[in-house]
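By letter and in written order, the chains are A, B, C and D; residue numbering begins at 1 in each of them.
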Amino acid sequence: MLDGCKNIAVGASSPIPGCAALLAQAVTNGGTRASILGSNKHNPFNDGGPELFDRAGQGRVDAFFLSGGQIDGEGNINLVSAGPYPKPDTRFPGSFGSSYLYFSVPRVILFREEHSRRVFVEKVDFISAPGWSPPEVHRPGGPHALITSLCVFMYNRERHRFRLEGLLPGVSLEEVQDNTGFDFDHSENIKPVPPPEPDRVKLLHTAIAAEISETYPEFAQERLGYHD
Amino acid sequence: MLDGCKNIAVGASSPIPGCAALLAQAVTNGGTRASILGSNKHNPFNDGGPELFDRAGQGRVDAFFLSGGQIDGEGNINLVSAGPYPKPDTRFPGSFGSSYLYFSVPRVILFREEHSRRVFVEKVDFISAPGWSPPEVHRPGGPHALITSLCVFMYNRERHRFRLEGLLPGVSLEEVQDNTGFDFDHSENIKPVPPPEPDRVKLLHTAIAAEISETYPEFAQERLGYHD
Amino acid sequence: MSIPKSYLSIDQIASRIPDGALIGVPKDDGGVSMAITRALIRRKARDLRLLTVPVSSVQADMLIGAGCVSKIETSGVSLGEFGAAPNFRRAVEHGKIAIHDATCPALYAELQASEKGVPFMPLRGILGSDILANRADWKTINNPMADVQDPIVLLPARRPDFALFHARYGDKHGNIWVSGRRECILLAHASAQTFASVEEIWDGNLLEDERMVAGTIPPVYVSGVAHAPKGAWPLALSGCYDQDGDHLKMYVEAAKSEEAFAEYINSQILTSESTA
Amino acid sequence: MSIPKSYLSIDQIASRIPDGALIGVPKDDGGVSMAITRALIRRKARDLRLLTVPVSSVQADMLIGAGCVSKIETSGVSLGEFGAAPNFRRAVEHGKIAIHDATCPALYAELQASEKGVPFMPLRGILGSDILANRADWKTINNPMADVQDPIVLLPARRPDFALFHARYGDKHGNIWVSGRRECILLAHASAQTFASVEEIWDGNLLEDERMVAGTIPPVYVSGVAHAPKGAWPLALSGCYDQDGDHLKMYVEAAKSEEAFAEYINSQILTSESTA
């Protein structure tokens, strides 16, 4: 999914995407460069906060991870709130850089572990960033895939729709449908997502865990069993 | 002329204005701050080339010196060329920051030693920066005075014209008129420019000469007799 | 190094920031002056308008919880690994503060316009978002450089009354040093005045050391400096100390109810001199 | 320190800059790579388009005199205390090079637009000048943020093919360090590729030293580095050496006639290895 990406950036509060980017960097021997916001060691953005956005605007960032409090079937993401705006039922942290990076980074990978109808809704309550734009809008970037704890969707930019690409071990199409509030495409025979190779799992729990613990010490300890 | 200025900046190739600004800084005990481009010691622009212009755009620069290969009676300055553009008879270095700073710095002091009809023309051949602008143009800045080896003119922003304010010792109104290609206002009794106080002259040839020699070693040696 | 005579105390700085002021503050790894934040709470500041550059964590949450804030322009308030910002969340859900939702590069662009003295800056993206739909002050035009239809958003210059942050070093000449934290440099340039707390006093002139000059903000931008060791605590200061995870966990728990948070304010800020 | 294996030679860098390239170069106190300049003359580069950031001195004059330049966008070319730039002046007066006259902040704005990936940047001033009148690529619009008539100039993004400068330090990780020379950082960010000569090799990783990080350009922007002691000579390199006034005086005299300048090129550049 990150094949051929030269520069992957990972935003705030994103330990799992951070691990993925570091893993891509490790297995490509540095052919892929991972930039982890908030890290001193894996942060080649040494010129302050604006640099990530400037570099993305120039096309120097190939892949980025985003998430959403709500995500809908057209790929719209909502990081702001559920319910009426501006006085909502539930307030989320905010849009961060999504309203910009979703337009400028060619391959945006949406990542959300919780796969439920609360998250994957028919129509988001607030559009932090739209999944697609009319043709006159300058938009080199957009959604590429959506990864959840149940499955992997790929995004079709012509149809503005997700297509179910693979199921995690033990997950059925029905289970995904039951827990997804939006309609999506799929073939008759959906492939299972292949489990990660053992050497990568090992890498994740050793070298990658040590690296990510600089930025996400709580996560490294609780989810990867890392202690320094 | 620089009274009440908190921040005076001096551009490239301007040793005499540099001395004036340093003198103002010395006699105000630092109440006036002199910024000399090209100096390490007197250059509080530590954030690279754009900073002077950004600061001027914000109104943080009170006075600046400009010159011109040609200057006309409306205060238009020409730092580009004499004769047809772009293939002129005589090419000057170029406009530097004048096309911008003439608009943004409240008190621009024009300085040109050579007082001749070659320099002070009726109409400049090329407008690097206009002396005045129509009312719809955002323009907090503009010309304040013009200092030459013969006299001092003040600029009237309502009339877009210079007014002869003072003559240097031994200089007559007729001599100024003979050597000026543009028409200017003057009263019946033109005051002489008072000679600088002896202590300031001494300061100029000692402390100021030492300071300016960091940026203009040739000038300090030849014009102020300074040797380190 | 002794403290320079020109330096203020943290509480003097807080007293110079009037109620109602528009205050720009950096993100939580950018040098947050928690020391001045606590002093503002001690002086019971009211109606502050916060501009986060571009996001905030415990600083915004604490000021909101203490009732100091009437309005916030932000791209996000969150305590990251420690969860949502409880006071921020509650205040927005109850409609107690006005919110201007933004996106990170738009906030930088608003400050960059102010830094340069231009009325606006263009930015790609944002089109079709509800961020844009809710911002009457952001304008969409057609790119005047294009021959075809090409909509683009313009952001207005925004000039905070005060930039407020914690820097690694200050010197007796009024310079402060923020290393590669250009968002602090941008914030200082863009704001009418800058107040900073500093972790340590630098012996010498930061502008005269070629290794320090690139990260230095000169006194022309700085209205006052206070010496405040551990001034970013419980947040980290890069190169000096890590965040205090135990305290932040305790903070988040306390902030989950108004009563527990009142007790936190009382015990940790109002009656505690050590955190000054 | 030994020279890192990844480093190129000055002549290798010159060979990677093709004829016709748009080259951005800094002003004469900003770290000018005279070493690469001489290598370009040795390889008889042709039709280079120079963008001076924002002005130039002996570098532009020398390249013009050696016949390497077909076009220049600049706010000024002058040898400062040593007088006018003779080759520049002669070439413009004889119509031998095309000239786009600009003004300093406009050139910075063009690069800043490129750095940010936006199509234009606004700038105050310039209105009513013949600079503007001669630039079909600069557009005047009415400020969309204003309710009244308020004309303002927009400058297009300009992306040099190559940034070219001399930096104080380079390290084996591909980082280069320019201290507070933000025009070099801007130029590197704004350009498609950056080639730099460096005065000294830094032992360690410039990005990992908190005192160096603010003045460091990381390898994502840098296509090649060459080690070139005295690489700015006869210009100064801040913190290292002053300009060579005697040489610059001799240069200006030589440049005043085509014959004497041909002899200068021959004796000082083509047949001299020591100045590489």
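Convention: a contact is a pair of C-beta atoms (placed from the backbone, for glycine too) under 8 Å apart; a residue touches a chain by one contact, two chains touch by 3 or more.
The structure presented is a predicted model; accordingly, all values stated were derived computationally and were not measured.
Trainee: Counting hops between chains that touch, how far apart are chain A and chain D?
Mentor: Tracing touching chains, the least step count from chain A to chain D comes to 1.
Trainee: Computing the C-alpha centre of each chain, which chain sits at the greatest distance from chain C?
Mentor: Centroid comparison gives B as the farthest chain from chain C.
Trainee: How many Å are there between the centre of chain B and the centre of chain D, using C-alpha atoms for each centre?
Mentor: The computed centroid separation for chain B versus chain D comes out at 28 Å.
Trainee: What is the distance in Å between the mean C-alpha positions of chain C and chain D?
Mentor: Spacing between the chain centres: roughly 36 Å.
Trainee: Just give me the whole-number Å value for how far the CA centre of chain A lies from that of chain B.
Mentor: 58
Trainee: Of all residues in chain B, which are in touch with two or more distinct other chains?
Mentor: In chain B, residues 46-47, 50, 53, 57, 104 touch at least two other chains, as defined above.
Trainee: Provide the list of chain C residues touching at least two other chains, using ranges where the numbers run on.
Mentor: 117-118, 123-124, 150, 152, 180, 182, 185, 213-214, 216, 238 - these are the residues of chain C that touch more than one other chain.
Trainee: Hey, which chains are touching each other here?
Mentor: Contacting pairs: A-C, A-D, B-C, B-D, C-D.
Trainee: Chain D touches which residues of chain A in the complex?
Mentor: Contacts found on chain A: 7, 33, 41, 44, 46-47, 50, 53-60, 104.
Trainee: Inside the complex, what are the residues of chain D that reach chain C?
Mentor: 117-124, 139, 141, 143-146, 150, 152, 154, 156, 168, 178-180, 182, 210-216, 238-239
Trainee: Flag every residue of chain B that touches chain D in the complex, lowest number first.
Mentor: Residues 12-13, 15, 38, 40, 46-51, 53, 57, 79-81, 85-104, 126-130, 133-134, 136-139, 216-219 of chain B touch chain D in their complex.
Trainee: Residues of chain C touching chain A in their complex?
Mentor: Within the complex, chain C contacts chain A at residues 26-27, 29-30, 53-55, 74-78, 80-82, 84-85, 88-89, 92-95, 98-99, 101-106, 108, 112, 123-134, 148-152, 180-186, 238, 245.
Trainee: Considering only the defined contacts, which chain D positions touch chain A in the complex?
Mentor: So the residues of chain D touching chain A come out as 114-118, 185, 189, 207-208, 213-214, 216, 218-220.
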